[in-house]
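One chain, subunit A, appears in both complexes that follow, with subunit B as partner in the first and subunit C in the second.
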Partner chain A sequence: MRGLSGVDLRRVHEHVAFMANRKLLSYSIAIIIANIISALFLIFFFYAGPASSIWSSIPLGFSIFIYKILISIQASRVGRELNTGEVQIYLAHTLTRTEYLLSALLVVGITPALVLVATYLTFLAIAAPLSYDVGSQLPYLFAELMMHATIVMALAIGGHENAASIVGVMLALFIGAIMGIPLFLLILFGSNKPAFYVAYAATLLVAMATPLTYRFTYSTIISSPLHSPATLPDPLLVLLLSTAAFIILWMVFFIRFKRRDL
Partner chain B sequence: MIKVVLVALAMSSAMLFAILALASIHPLTILSSSPYIPLTPPTSHSAIAVTGDRVCYLYIYDIQYSGGFGYYGPSAKPPSDLYQYNFSISELHVEVYVPLGGFKNLSSGDVSARVFEVDRSSAFEVQRMIREDLRHSNYSQYLNIISGKGYGSIVSYVEQKAVQKNICKYVHAHFICNTTSTPLSGNAHIVEICFRRGVELSTTGINDTRIDRLVDLVVNASLYKLPDSTVNRLLPLVHVDVSVLAPMRNSVLLYPKPVHVMRALAFLAVFVSCIVLHYRFRPHEYAGFSRPLRRLRRRIYRQ
Partner chain C sequence: MSTVEFREVSKRFKNVEALRGASFKISDKTVTAFLGPNGAGKTTSMKLIMGFLKPNRGEVLVWGEEPWRNEDIRGRIGFMPEKPVYPVDIAVEDLLNHLAMLRRISRTDLRRIVRLVGLEKMVEMKIGALSRGYIQRVGIAQSLLGDPELLVLDEPTANLDPAARRGIIDLLKVLNKELGVSMVISSHIIPELQEVSNYAVFIDKGVILDYGYLEDLWRKYETEAAFHIEATDVNALGKILIEKPYIRSVKRLNGVLEVSIDPGHYRSFESLLMEMGHLVKSYSFKTTSLGDLYERVVRGRS
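Presenting the complex of A and B:
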């Protein structure tokens, strides 16, 4: 079963199954914790209605945090394989470099994002009709997890196994605070043109790394009398740029990984 | 990857199934509060009569509450039918306050007040009786002054129809009457305040300060050629403040319907079936599960 550029999808599938199954315990723990949090919020906050965004944002935020940790662990494992030379065993006989990186992309980025989105859809299908308010968050959720996977994989492919896990956990923990700095500057320098452009670019960059968190922050800011929404980057633009960024970055990873001296 | 997604979905539906099944057996109270809502009585009608040695005032307050979802309940229609909202007001606490600070040397024997709770139809009848008497007597264009005879028949009708009758307490130049009312039934409260004819007001702006003389002045304003400004000053001789407190019981229950539990069960069945199907095609992926199962089976057979 050969796909584009001579990639054997069956081999990729086997390797993905192998990589995912060896972290099945981590997946199970992550799913259980995320589900308990979601179920508790479902019970205690859903009566207020999705219009308040409490139900959909807070449990999603917790679930995202847990899944980001999981992504960081998976990426760190890939980094260890590269550092210890374990990767050469896979590449010697069974997999090409493209197939190896494709399976890493599927395991580190796409599987957690898919699991979280599918879990949420199941929750909503059972408990309530899918509203636009909650449904529209899912592309942002997917992009947020994919961007996190891209950042940690950039470190892992560079062989920085520990950096991948530490930066991954730090980003998951403090992304709200990191985003707060350029946003604060943007609001502060709203009228000062050169400083405003710098703050706008910084906000856009941080927002691209975390589109769902930015969308929530954006809706909070525009509903408060702090600032006019015209000067803040539009969340949809952020989503599109974020999607484009992770696609381009993964293409760069594929090209660089092929040329990398292992 | 497929296995991970399937296991995640099966676990999610199993967890939701467990919570919903548990909640459908024992409904869980999520929110419970019992705040007091202050209500403002919407309408009042009054009548005045000079009867025997007394000057009496009648006030009718329609006290009803037709609330529900809105300001005091959840603001929007709930997005899910997982919840049951209980919202009730069992009884309204009515407090009638009559300030008597404007009277001179008032003693408890000079004044009396009573509150009657009557049903809606009786309240309408009282209003009709007042209107009828006003049409016949036509004492004053300023005050709803009715005849002493008409007043007597109204009060006896009210006493007869009263669901509740409360005599108000006189405390330091004001009356306080505490009573209750049943919400949603549209009951009305009729407040009767009677002064001895000789009671005097502290300041009226004119020489006369006796309450019966003042009423007489207003009745015969045209005869005495009183200017409108003086009449208007004499009109609010007595006023009554009515405050109503509604103790509300408000609760939100997690009370899933069987359809929610069945939906969760259906999802669980579908995902478990998918796992079984996946196991048929790729049993080696489930080695992690089958090994402990095999060990358990061995242990059972050994015993």
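Presenting the complex of A and C:
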């Protein structure tokens, strides 16, 4: 079954299943922990006061952290396959470079992102089916996990398997603090034009790497008297730029991987 | 058309030039010994044949196509990498099943290959728990999936004890005999390939020293060698040959005469055999030492 660009989708499916099976335990642990946390928050906070979004935002934060760790581990494993030469075994058996990277994209990024989105879609459908505020988080959630996968895969494809896991974990742990620096500068230099543009660009860049976290931070700031919301990047713009960025970056990965020495 | 052809190929890794203007051809239906010391450029050449590397300069052609551009070529090649790069955390059969499914090979064919390489009792073991000898067998098994037209084996006996090395060489002989598949086998242990190869490429420091059929190379470099002659009357032929001054010894082996002659007299000896066509059914040329040939090739270049 050949799809676009001569990609054999059957082979991709075979290899995705093989790769995912080898890390089934870490997938299972991530899904179980994230679902238990979400269920507990749903039980204790939603029924106590469904108007508050605390029942979704806190467990979602935990789940994102867990899934980012999972994504980082999977990306590191792809880096190891490239470094050790294990990839040669699969490529020697008719898997093309494009099919291999597509399999990696599915295992490392798209599958975990879709699993988490689908999990929250289920919760929302049961708990707050008409809540636009809660439901609109899902595209941001998908983009945040895909951007994380893109960053760690950039390192993994470059052969930096350890950096992929270390940077991935650091980003998962400290993205709030990382985002705080340009945001603070942005608020501080609101009236100083050259410094403002630099801080705005830096904030936009960090926000693109983590659109859901930025959306939450943005809504917290605009509801406080700290600063006029007009000077901050719009979360929807951030989401669109983030989505465009990971699509373009993955296209670059595919093109470069075709010529990479293995 | 040659199976493999390198045209002025250079490959550089940062500051190391692994291949420097390498040109050679490997003919169809040959078992090629790809010989050179460690770091000579053998693994780089194997990876270029597989399309895992892109040459910095020149062209690598496999059946007339560039493998790094046309990835379908790999479907016709069986490859065994130098290092045991197989995932250690899964069972032998899980890996082989996966690779067989990528190639759309039936379970029956897979079982046949597992039997052929002697892995039947090991299939349920984790790859990480196997000895080096059996890991090499896993490597050979996976390279045979899909009945490839060409086998590219990179140091198949590396880091093995003598008994395991013997086992792998015997297995390669069986594969050559039963499957009749072309092979390119790289090794830095030169004598061991003597039994299986009929073609050689000599490489050192990224430069191709020489290549060709062993028979031609032995003649060219006048290495000590022996003729195996099938005769209608072995005794009569033996008596005639022993009289010749350049003949060192004549032995009778299973109805075949093994005649050892001084280097430098191959052509006159072959002329003699042609003259005695009524007694000679057929003859072949065997070296006494591939290592000796290698030494002469290296000395010839330096």
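A few remarks follow.
The rule is simple: the second predicted complex is superposed on the first by the 252 of 262 C-alpha atoms of A that agree within 3 Å, B and C clash if a C-alpha of one lies under 4 Å from a C-alpha of the other, contacts with A are read in each partner's own complex, and residues count from 1 in each chain.
Everything that follows uses one rule, which is that contacts are C-beta pairs under 8 Å (C-beta built on N, C-alpha and C of every residue); 3 or more make two chains touch, one makes a residue touch a chain.
In this text, all values refer to a predicted model and were calculated from it rather than measured experimentally.
Once chain A of one complex is fitted onto chain A of the other, the partner contacts of A:I166 are absent, as it touches neither subunit B nor subunit C.
Shared-chain residue A:A20: touches subunit B; no touch with subunit C.
Of the two partner chains, neither subunit B nor subunit C is touched by A:I178. Touch criterion met: A:T84 reaches subunit C, while subunit B stays clear of it.
Legend: residue contacts after superposition of the two complexes on their common chain; A:H93 is shown touching subunit C, with no touch to subunit B.
Here subunit B and subunit C are compared by how many residues of subunit A each touches, and B touches more.
Contacts of A:R259 after superposition: subunit C is touched, whereas subunit B is not reached.
Residue contacts after overlaying the shared chain place A:L241 against neither subunit B nor subunit C. Partner subunit B is touched in their complex by these residues of subunit A: 13, 16-17, 20-21, 24, 27-28, 31-32, 35-36, 39, 43-44, 46-51, 106-107, 111, 114-115, 118-119, 122-123, 125-129, 131.
Of all residues in subunit B, those touching subunit A in their complex are 1-5, 7-9, 11-13, 15-16, 19-20, 23, 28, 30-31, 74-80, 82-83, 85, 252, 254, 260, 263-264, 267, 282, 285, 288. By the touch criterion stated above, subunit A contacts subunit C in their complex at residues 11, 14-15, 18, 22, 84-86, 88-97, 259, 261-262.
Remark: subunit C residues 13, 47, 50, 52-54, 68, 71-72, 74-75, 77-79, 81, 83, 85-87, 89-90, 98-99, 101-103, 142-143, 145-146 touch subunit A in the complex.
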